[in-house]
Amino acid sequence: MDIGKELLLEMYRRMQRIRQFETRLKDLTIRSEIPGFIHLSIGEEASAVGVCAALRPTDRITSTHRGHGHPIAKGGELKRMLAEIYGRRTGYCKGKGGSMHIVDYSLGILGANGIVGGGIPIATGSALAARVMKRDDVTACFFGDGAANEGTFHESLNLAGVLKLPVIYVCENNGYQVFTSAASVTAGGSIAARAQAYGMPGFALDGNDVLEVYRYASNAVARARAGEGPTLLECRTYRWEGHVVGENAFGGRPYRSEEEVAAWKARCPIVQFEKRMLESGRVSREELDQLIAQTQAELDAAVEFARSSPLPDPSEAAADIYG
Amino acid sequence: MARITFIQAIFEGLIEEMERDPSTFVLGLDVTRGTFGRAAGFFERFGPERILDMPLSEAGFVGAAVGAAMAGTRPICEVQFASFFYCAFDQLCNQAAKLRYMSGGQARLPITFRTRCGAVGGAAAQHSETVYPQLLSVPGLKLAVPSGPADAKGLLKSAIRDDNPVVVFEHLALGGSREEVPEGEHLVALGKAAVKREGRDVTVIAIGAMVPKALAMAQRLASDGISVEVIDPRTLIPLDEQAILASVSKTNRVVIADEAHLHGSAASEIGCMIAEKGFDYLDAPIKRVAAMDAPVPFSPPLEKAVIPGEQAIERAVREVLG
Amino acid sequence: MDIGKELLLEMYRRMQRIRQFETRLKDLTIRSEIPGFIHLSIGEEASAVGVCAALRPTDRITSTHRGHGHPIAKGGELKRMLAEIYGRRTGYCKGKGGSMHIVDYSLGILGANGIVGGGIPIATGSALAARVMKRDDVTACFFGDGAANEGTFHESLNLAGVLKLPVIYVCENNGYQVFTSAASVTAGGSIAARAQAYGMPGFALDGNDVLEVYRYASNAVARARAGEGPTLLECRTYRWEGHVVGENAFGGRPYRSEEEVAAWKARCPIVQFEKRMLESGRVSREELDQLIAQTQAELDAAVEFARSSPLPDPSEAAADIYG
Amino acid sequence: MARITFIQAIFEGLIEEMERDPSTFVLGLDVTRGTFGRAAGFFERFGPERILDMPLSEAGFVGAAVGAAMAGTRPICEVQFASFFYCAFDQLCNQAAKLRYMSGGQARLPITFRTRCGAVGGAAAQHSETVYPQLLSVPGLKLAVPSGPADAKGLLKSAIRDDNPVVVFEHLALGGSREEVPEGEHLVALGKAAVKREGRDVTVIAIGAMVPKALAMAQRLASDGISVEVIDPRTLIPLDEQAILASVSKTNRVVIADEAHLHGSAASEIGCMIAEKGFDYLDAPIKRVAAMDAPVPFSPPLEKAVIPGEQAIERAVREVLG
């Protein structure tokens, strides 16, 4: 698969946006500027970007509680996201959703979700709608290794398998369900292999290799768009940070070794991608640095925007309940 | 106007709305054949593209309705018995009810849920519940409980046109009941109670299948010179507080008849609302008539002991009349 | 596997008990002696009996809405079952449960269930209890092809797989979920094959061959008792009768062909079993006829018992809510 | 007596009961490590045979608790947030609550469910609900809502010894609250309300996290010469109607403070019960203080607008005092 330079740079830019956004967010959260639970996906940028790069603007995605990377990968605006996480009325959800509930309908971002596994039937229904409306839009459904043990995973993959719905199930297997290792709670050992039970192709990928993810996702999207049905992609990856910002406050015995974390950091999806692009000679360090700087500036503006945006008026609590 | 059954009225409304709006479609178990009555030719009319049989997976297909609504369709999702909704409560209460609000108004969720509720004789605890009490405290949903064919059609049509998730509870015992039902554009607004019978002495607020029981009792008591007003809220969310309070302000006495278990029933909600906003109208204690706080038992004499009947309403009416 | 004559006759007796019980029940229901929904398992006797014959009295089972065959196979008393179905106070549940909720704790019959898939987590928990209490009792969990698409199937098999619980999942695939063919709603085509996803053995069997079922069940029980974990058995079988007694009243287009029904009736599990026993020469026609007559007499007595038993007093409705 | 936190009190009770009865065991997500506080050495004490981490599958493991109880153990099942219970509502409402009854008393279901509820600041709609309103109408369950450390320990211990499914709702905002908690055998009976403060002028019935708010308000109003009685029902099923009515018969005025959404709240149930059984005691309308009927919003000023605080209780008290 030949990937044009423009797309390469765009993927890189999106990965940088996620990394920088979340790195800043971590900092702001620790400094107590931000309320609520913040789940970071630092280290998992490749799966979000590799999949979304294979989608069209009219395609749709659903995300999870770890829900910043996917919207950014689908084109979400940093400043409206950050304003939302700050609880400002200029945020994507007018301050009603927060970090776990980023939504941008105009970009097909149907929403992050605070309920693990909650988005899987919704993505499946979104694909069903494409069928009913005779459109060829595809839906990508992100979820974790933990979510793959929820009943909604089974019910949805079965439904999609039976109806051959245009949906890509993207399991981001980061090895943990909070403090519990995926291996200890996942029977059968492989999430990708579960696809067979539903008569759909399933693949376990290097989730830190954005090009590999993009390649598999592109094939899956093409299949789905052609009416050939769903695909399950298991992207093996790792979260560098705690389950939630501040998890150390929970105390308790450590649940992963420093070596394990270090080994995964050594396989940083961004650094690896940079290296390959530079080695290929198609992209220069300056081009990358420029993107980094642009993102930096954009992020500074976003922080400024969020901080200076007004909080919602209490009276706004009563709006948007019904339509 | 034709005299048709509750089920026929439901299908009349369904067909009219499906013809009116091509973005509507039906999903559920055995919907192509219909488990509890159907309209002749219903499936043939809309075909497998708009009537979809689902695998046994309530959370999955209720959630699929949520996603399909968010993606621009208007799903009509059937859950065979209200008790099966429990399997899909996350999708109903955490997703359908909340996503519009949590998205700051971006998500539209025009979903109609059809389900069957209530005791019908020997179906036992897992097939006889009302279930709407479990949803009274879930803002974002609307709940409709029609008491007869005409309201069933009118409420269903309004539900399908509504941009919010609406659960329509069809009481199994009403399925064969008949009345005149207006053809075509007959809409019953969600949030509008009906005065099913005017009266002076006491207000009976009755829900769903309790309405015909209340009306029969009112009819009987009229010969004793007791004038009973029967109010049917028709929807529990939104609740037409105005209409209820207006009636109580006239009669000063109130009985609330609900087939739900007493504790936490819709009767409790309505009763407390009256005690709060209509306290000064009241000349007697509020009286609830509801099911015993026990799972609905199988054996007919036990079921009869648990589910309130006409007699129980009459006793309550006589009690508040002192 | 050598099966003693006594056990052969006992299996036959239990199959006869189920067949005769349900045949009579159908008749009584049509004559309106019985309230509620009656789901018959005529034609499916071999799976219930083959599995339960492999169990000890202290082992436990969970059943389904089609819940007469399993309790009878586990040793349930016809008269208390029938009294329950008649809604009498002498019934197993004092008239509170009815046809879909037969329970006999003393025999390890944890209950039929009106919620499809509802019994699967319960059986799994029963197996978990054996683990916690360090007992070697095994639990057999009966459910249909339709239930295999419920989320509880997935969640339970995953849990049992992870903890290697002593449970046998017995899917009675009778080809239909009410009026919908299993093939049209079951992705992947095979329920037995789903076992792989959970790291447990799965087998598709001739569910009309009681000896085959017994053989596989015995192996599964031995495995479970030895702490080697769960097994999934898919018993391919057929219900001769409608989904529910009186289903014709629902009208609608026919959902299965007369030929299909006839073909399965030609493979009657009881007739096949009789034939094999007689051909083997180990069992005589007289012995079988005697069992049939005994069952007949027992059933007559059960009908008499049920009919003449008192209905519960209305005051009893308030008992048994809390313990 | 030691002054310990709510979470410490919970673990004290848990450890005592687990040592007392070897058939108890804990199952849930991350229970070996504890997500929301724990006792030092808790896991080491009982080991992996009695503290079991579950896969993410609420219906599966809540159902496993049901089956394990039926098979002779006493499971203590943790559901991290009350809103996640929706994923397991079938197992809770159709199975745990009904199986004893449906089996004619054969099934024993000694299950304790621990869950966390309530708004704590910026957790948004799917992590801030009370959820107990959705269970008020589910006979067969018991519901406990402790308002402080001592009750938390005493109710939890009673729940574990009870032969029925009991859900204990631990309000997140109370986790760090501290008070003197009796060591050892400290049991609070399920179904026994507490008079948390005696008073003459008005009864405030407060639930869970509303209790400390009501007490703070009562303290303040005392200096204005207003004497407020604060009643904490402690369990919503069973509900101590006697204690509530006794207080109202004395003060003749009642405010009910509940963090649940107003419509269908526990406040509504209690209010209607009073309007039915204690009508003649009342000198003023019943007043409910509850959350707005909106999903709990994320942004702090919005959350504050939805969730009732001390001020709202005070306003209501002044209102019923006229």
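Note that the chains take the letters A, B, C and D in the order they are written out, and that residue 1 is the start of every chain.
Note that contacts are C-beta pairs under 8 Å (C-beta built on N, C-alpha and C of every residue); 3 or more make two chains touch, one makes a residue touch a chain.
Only a predicted model underlies this, so the values are computations on that prediction, with no experimental measurement involved.
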Quiz prompt | Steps in the shortest chain-to-chain touch route ending at chain C and beginning at chain B | solution = 1
Quiz item: Looking at CA centres, what chain is most distant from chain A?
Solution: C
Quiz item: Taking each chain's centre as the mean position of its Cα atoms, how many Å separate chain C from chain D?
Solution: 40
Self-check item: chain A and chain C, separation of their C-alpha mean positions in angstrom
Solution: 45
Self-check item: Separation of chain B from chain D, taking each centre as the mean of its C-alpha atoms, in whole Å
Solution: 30
Quiz item: Can you list the residues of chain B that touch 2 or more other chains?
Solution: 54-55, 57, 59-60, 83-84, 87, 90, 94, 101-102, 124-126, 139-140, 293-295, 297-298
Self-check item: Sequence positions of chain C contacting 2 or more other chains
Solution: 93, 95-97, 101, 113-115, 118, 149-152, 154-155, 158-159, 162, 184-186, 321
Quiz item: In their complex, what parts of chain B are in touch with chain A?
Solution: 23, 25, 27, 49-50, 52, 54-55, 57, 59-73, 75, 90-91, 94-95, 99-109, 139-140, 142, 163-164
Quiz item: Which positions of chain D touch chain B when the two form their complex?
Solution: 59, 83-84, 86-87, 89-90, 92-94, 97-98, 101-102, 124-126, 133-140, 237, 239, 260-261, 263-277, 279-280, 282, 284-288, 293-295, 297-298
Quiz item: Tell me, which parts of chain A touch chain C in their complex?
Solution: 149-155, 157-162, 184-189, 193-194, 196-200
Self-check item: In the complex with chain A, residue positions of chain D that touch it
Solution: 29-30, 32-38, 43, 53-60, 83-84, 87, 121-127, 292-295, 297-302, 304-306
Self-check item: Complex interface listing, chain A residues touching chain D
Solution: 35-37, 87-89, 93, 95-98, 100-101, 113-118, 146-147, 149-151, 177-180, 184-186, 250-253, 255, 311-318, 321
